[in-house]
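Think of it as A, B, C, D, E, F, G, H, I, J, K and L in the order they're written, each chain with its own count starting at 1.
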């Protein structure tokens, strides 16, 4: 008998401070439209540079959530 | 001249019995909201364990379908 | 302080002529529903064959765009 | 002193029922022309979809066999 | 504050019948010496061949469990 | 019940003009000995250089075809 | 003449605060049973989510140490 | 007895027209400072998007050349 | 018509404190000799261990910059 | 105008002595049936073990050759 | 019916002379504590450098053995 | 506080005799212009073939060194 189904979406969060903050930003944005987020996996960590310093950390995530009525 | 366009979504199906059943569960769920599913590819096979046995098979798929009016 | 968030979707464009045209087809289709597309990355280049020639180039892309109100 | 040499070929078996059956189909076909098959490795598991269910499981294998007189 | 730690070990289960049975065999063996197994991930699916049929399915898993006193 | 079986071969096509032309060259060559080619996937794109310009595009493909009587 | 031998083990450290703290947690746990840890490599960064925020950072490491009498 | 040594550098060429043109741009630039370029390999194909069309193709290459006196 | 060309170099930054600091160290060093750094991508995160704690975080980056007169 | 076409085959050479000898064994075997071998790439290095020592080195290669009349 | 189970461990052997010798060193060390080693796979080949020459070859292996009573 | 920075360059060494000799050739060449080489990692092992035997082993390395005044 098959059971729950989860959907994975891919977001890039950005932050001027830390990798962790870029992840939290992406999750916060996803949480505005999807309530039951369950887990994430970091796919890539990049950034842009200004004056020899990181300007924005850019962290790409896969985020998983249980699908019920939205698809 | 360019031609049809397909979208790929990523779902994780779960099942207490087999890998095939977990895949069918994910496809059945996707089919409730998208009618013209065409193909899938298995991305990852995982599971959780209870008392030394597989409790749920968790199979992550990319599923492709032709996009017409939804995007 | 975290900053903008981007979403990545995956599309396969097809074309009877060139790889570039298949990419443009996928972008054109995405642009009909999402206005602020920013960047893409080619994930895979495949095709089907008829009479020993390419019938359709099939190019799979990840496409990134800034998320504001859609999710 | 060098020793036996093995060749690897790549086949995709298909089945309407299970992944295992798709593998057995590919091996059975290879066995019709090559007698001394030794081992295989699953490279990819895909499928096509009809009415929201798997129509054919498509399992791509590398299959190894000892080469003696064929090449 | 850091929290639980998990260890991952890698086992290859084998079976004459199915991929699922090979996984269960590996988990059963691990369960004899480690009680709190939590999750697994399939790393590779191979097999040996006899008379053009699969003789043993060989499925390699990473298995995760919480470490408390063993290491 | 298992079903059709496909074989995959790997060829490198070359061209002095475009990536697409290198692919067509490889398919044309394969078509001389195998009639029912079905699909291809680009594995690698390389080239050699002369006077700071591409001399030959070298595109490596996996090409799939249904096997019936050849092996 | 061959020389020292090192063993690699794989652990997942978790933390409610940072990626660095999850790594330190895994190393601290390993250090309780193995004294001569030498180096680590981050294999994967994941996490679980609660109320749209990271609940635990889960960082999987390979950790290398010189083997002398344990194996 | 060891023999010639080659160095590999990584460049991203860009073009508003084709993938091939982006590659030629990168090679032309490299040729201004290194005369004996030998081969290249495409590492990644990306691009930025404007008004739903590719603005610049961005193709990243490894380029190999024989080292004699420069390093 | 082809356009700007970018070069990618690979550096490993190290830090006793955080992953972010190791990245900043690598960028600061690159900035001393190359002024127009544009972007970076994290390739690998490793470290050495002393007394069961991270001694140095070692983060390997690809860093891209526009090439004009240097090569 | 497209140009030469090359075929790639995959062989595993074995040797009781060295990796290089295993490669030479695979090439020697391929040379018995295909005269114009051009290049190879090592795909995997494995071996079996007897009494705590390597019994056979098993080196898998892709070997490329120009195709003219065979396919 | 499921069958034998194998465990895989990961070791890095080192040698001042050859890659083969580094592998033999790792196997010899593993053999001191595990008697029934069966196969290995080379995962990575690295080394450290002194005065422009290899000081130690460092070869990382996965080694498989049948598990009976140890775990 | 961030610490030392290392640069990685990629070279292909060649040899008519062994893989080890090809590596030593690449290191010897790098050592002529960079004095403080620290470590290397083998990226790829290829070769060209003449009369069914290896003509040149071609081994591609990443080589790391501490950067102080050169860049």
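In this section, contacts are C-beta pairs under 8 Å (C-beta built on N, C-alpha and C of every residue); 3 or more make two chains touch, one makes a residue touch a chain.
Note that this is a predicted model, so its numbers are computed, not measured.
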*asked:* Once the contact rule is applied, which chains count as partners of both chain I and chain J?
replied: L
_Between chain J and chain L, centroid-to-centroid distance (C-alpha), Å_ = 23
*Centre to centre, by mean C-alpha position, how many angstrom separate chain A and chain L?*
38
*Rounded to the nearest whole Å, what is the centre-to-centre distance of chain E and chain G, using the mean of the C-alpha atoms as each centre?*
20
*List, in ascending order, every residue of chain D touching at least 2 other chains.*
9-10, 18-19, 24, 28, 30, 32
*Touch relationships between chains, expressed as pairs*: A-B, A-C, A-G, A-I, B-C, B-D, B-E, C-F, C-H, D-E, D-F, D-J, E-G, E-K, F-H, F-J, G-I, G-K, H-I, H-L, I-L, J-K, J-L, K-L
*In the complex, chain C residues that touch chain F*: 18-19, 44-49, 51-54, 57
*Residues of chain L that touch chain I when the two form their complex*: 1-9, 62, 64, 67, 71
*What does chain C use to touch chain H in their complex?*
18-20, 23-24, 27-28, 30-32, 37-42, 63
*What residues of chain C sit close enough to touch chain B in their complex?*
9-17, 21-22, 24-26, 28-30, 32-34, 56, 60
